[in-house]
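Order as written gives the chain letters A, B, C and D; numbering starts at 1 within each chain.
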């Protein structure tokens, strides 16, 4: 039995890259292109990766058709969370509950879709001053940690610190420290409906973080992990049931 | 040191009671009155309980002032979730994140406030045909289980069954079975922001469940548990921080 | 990249089968043989399954060499937990902490190895009187639930009920009900050291449970899930570290 | 209704204090005396605190009678874990499962009782070179965090770092960082049987950590949290049950 290729859509806000020369220099084809490359680099023929961006069309590149053909969506946004149309957020929300995997990256913690899935403010402590970040594995049995050193060293990064106002993660995979002494739950998984969600915090636009080999590996591992095992894509939907009225496998 | 009384607001939809004679017979002063009595019965002078209802005023009895003076809010609704104004849901959501406790009862699983805090559909399997419900304790170390038998027997109840589309609870306290063989995670806790949430499923309007002594005890235990230990009521809100810029206790 | 076959060792106590004609009729080659077949049936060439039994030799078939060549061990025992030598329990314990997967079945809840990994009594409520068991999925995102109906129906089984004295599972996958109205956390995962553990309760010697197609599927799914992603088999072992003295991927 | 005083037994290994002048200077009456004072300081008449030490008698001060009269036991040991008699470990283990609270401090992570309750190696990364430790709250709804700053600053401490080989905690309360950039899950809770366990890592014998006001507060909060709500002290013990054979509250 052959597993069909994992269909990944890498969503990028793609604004900083077009207005800020420093960001454009780090990510000349957009951050989404670099992230897409990381996934291809690790999974090769086992993935089909496409990208979509905020200003691409009215759907931000995320039509019903695109989402229906997406096993796992990755999300990076920062300066324009407000510009994502509610209708598209509704659509992504429904697909996640139906079983589409979601990998939320860095400042995506403040996106409408992430906050809606979490139910909390998703606020955090931050400082953009070239802190060194060390990303420590606290769950070495987790597939997302495969092949990463202990710790991942990121020479310079924006600091994200606790308290990070999220629900208690279903699995805490990574915890980071920063030069200033702050800590952060930097790798967290959540189940919502039939969907799996991985939040991974390294990755500010001002730093070459998505070129870092270990970060690339974690993103690739996370995408593989977030794929659903379910055959059908469907929002949980049961209703009145008679005694003995049961459901076949789905 | 004396602990000040726990200020509880019992919110009731109070519609079935006024349109359905059978419900009115079971709960002549409204379900909220019966629930309020249960809390007073167990906590006496240690609580100050008031009630609020959907049609009481434009705020559904939940003005900013009322919520500011509420340590723990209980929520029962069923036929009119849509009639709760968004502005009031926003207000309750913010207060929960700021530290107000929330006890969601039975069909409140489908309320806007609960679904917003959970981020999922909160759907479930159901059947309203006089099933016997047994409520089993699976975490005997939890304070909410204090004084309850193993199991609680409820002679007749609406069936709620799995899959219940909620996030994985932070603590699973009770699991119920029903005559039809269904099971349900009937007692669950969640942390959201600074607030504690307890969901407890027994309690349909068609049955005298809130007169059941063990159910009354669990509701009272849940209210006590949901009270915050924090001194100040505030939504998590941190922002940029310099190195070494820390926070005093709150 | 080809994944090497999953090496499974199915351990069976194999005593009931040899002293009780009724059990021998249900499992003429021993329960371990039936369980091994279930795993082969679902995984085909992707697995290499061998069996080992209590009275096979002084190591109960679990020499250092066998364990070193085992990715996942399954454990069924009931009447002779005391006869498993401490030295073998030590060995299995160490291998689990080093990354060997462990699938503990039914009355294996009372085995020395399971109790040592849990740290609790692992006691439970039971009754062997042909209860019908329904096994409900409460985490439909979990790979162990792939392909199973909601619920699995087992016509006759020993009842296992709460309170089941285990640590809170890392993941609660299945909850069962029984004719008598009892409930049981029947599918639970735990991480210990580098190892993954799955406990699955259906399966008494007096019933043909391991011939049930859905039970066979769950056992096969569980074995696949318990396989470690780590390259090396090693007990967690770090010690003094200088500043900046970090570890490469393992 | 008046709550009876919380009966705490502070257990100290009390060896370093008697052989190492530097430790004796920091803790002239033994570390246990300082810890006991911290608990009294915060709870006053609401506690009755006694101490017990390794070399006090054959029971290490922990006779059946002492344990039966102890609501919560705190445990600090380091150089002599091997000298704690198995019989006493058995006794403490049984009492924890029966509902006695346990607060394990610092190097107590390597004690026989803690490892037996956890089922893992409880190994960790360490370095004793005056690292600054910052203890961050990651669960601000937890009663153990009441009154502590964000973060607690400890000027000099032994470093404890990940991977810490424990089961996934039931609640992760604190995460620490160290000057060297390491992180550590420094405040964790676990349920085992009817007992509540709190592990808190600050506190090496070479530093005046138990004189630190915030550390003292956390130890006091932890002791209060670990107290059982159950009326009776009993190891979970159920057995065969007929249909409908249920248990009264305990």
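By definition in this document, a contact is a pair of C-beta atoms (placed from the backbone, for glycine too) under 8 Å apart; a residue touches a chain by one contact, two chains touch by 3 or more.
Just so we're clear, the structure is a prediction, and the values are computed from it rather than from any experiment.
Placing every chain at the mean of its C-alpha atoms, the farthest one from chain A is found to be D. One rotation lays the C-alpha atoms of chain B on chain C, and its angle is 180 degrees to the nearest 5. Here the spacing of chain A and chain D, counted between their Cα centres, is 38 Å.
Our note on geometry: chain C versus chain D, Cα centroid distance of 32 Å, whole angstroms. Residues of chain D found to touch two or more other chains are 139-140, 150-151, 161, 163, 168, 170-171, 179, 181-182, 191, 236.
Considering their complex, residues 99, 139-143, 145-151, 153, 170-171, 191, 194-196, 228-230, 236, 246-249 of chain B touch chain D.
Contact residues on chain A toward chain D in their complex (touch as defined above): 132, 134, 136-140, 150-151, 161-164, 168, 171-172, 175-179, 181-183, 185.
Interface residues of chain C facing chain D in the complex, by the touch rule stated above, are 97, 116-121, 123-127, 129, 161, 163, 165, 167-168, 170, 179-182, 190-193, 235-244.
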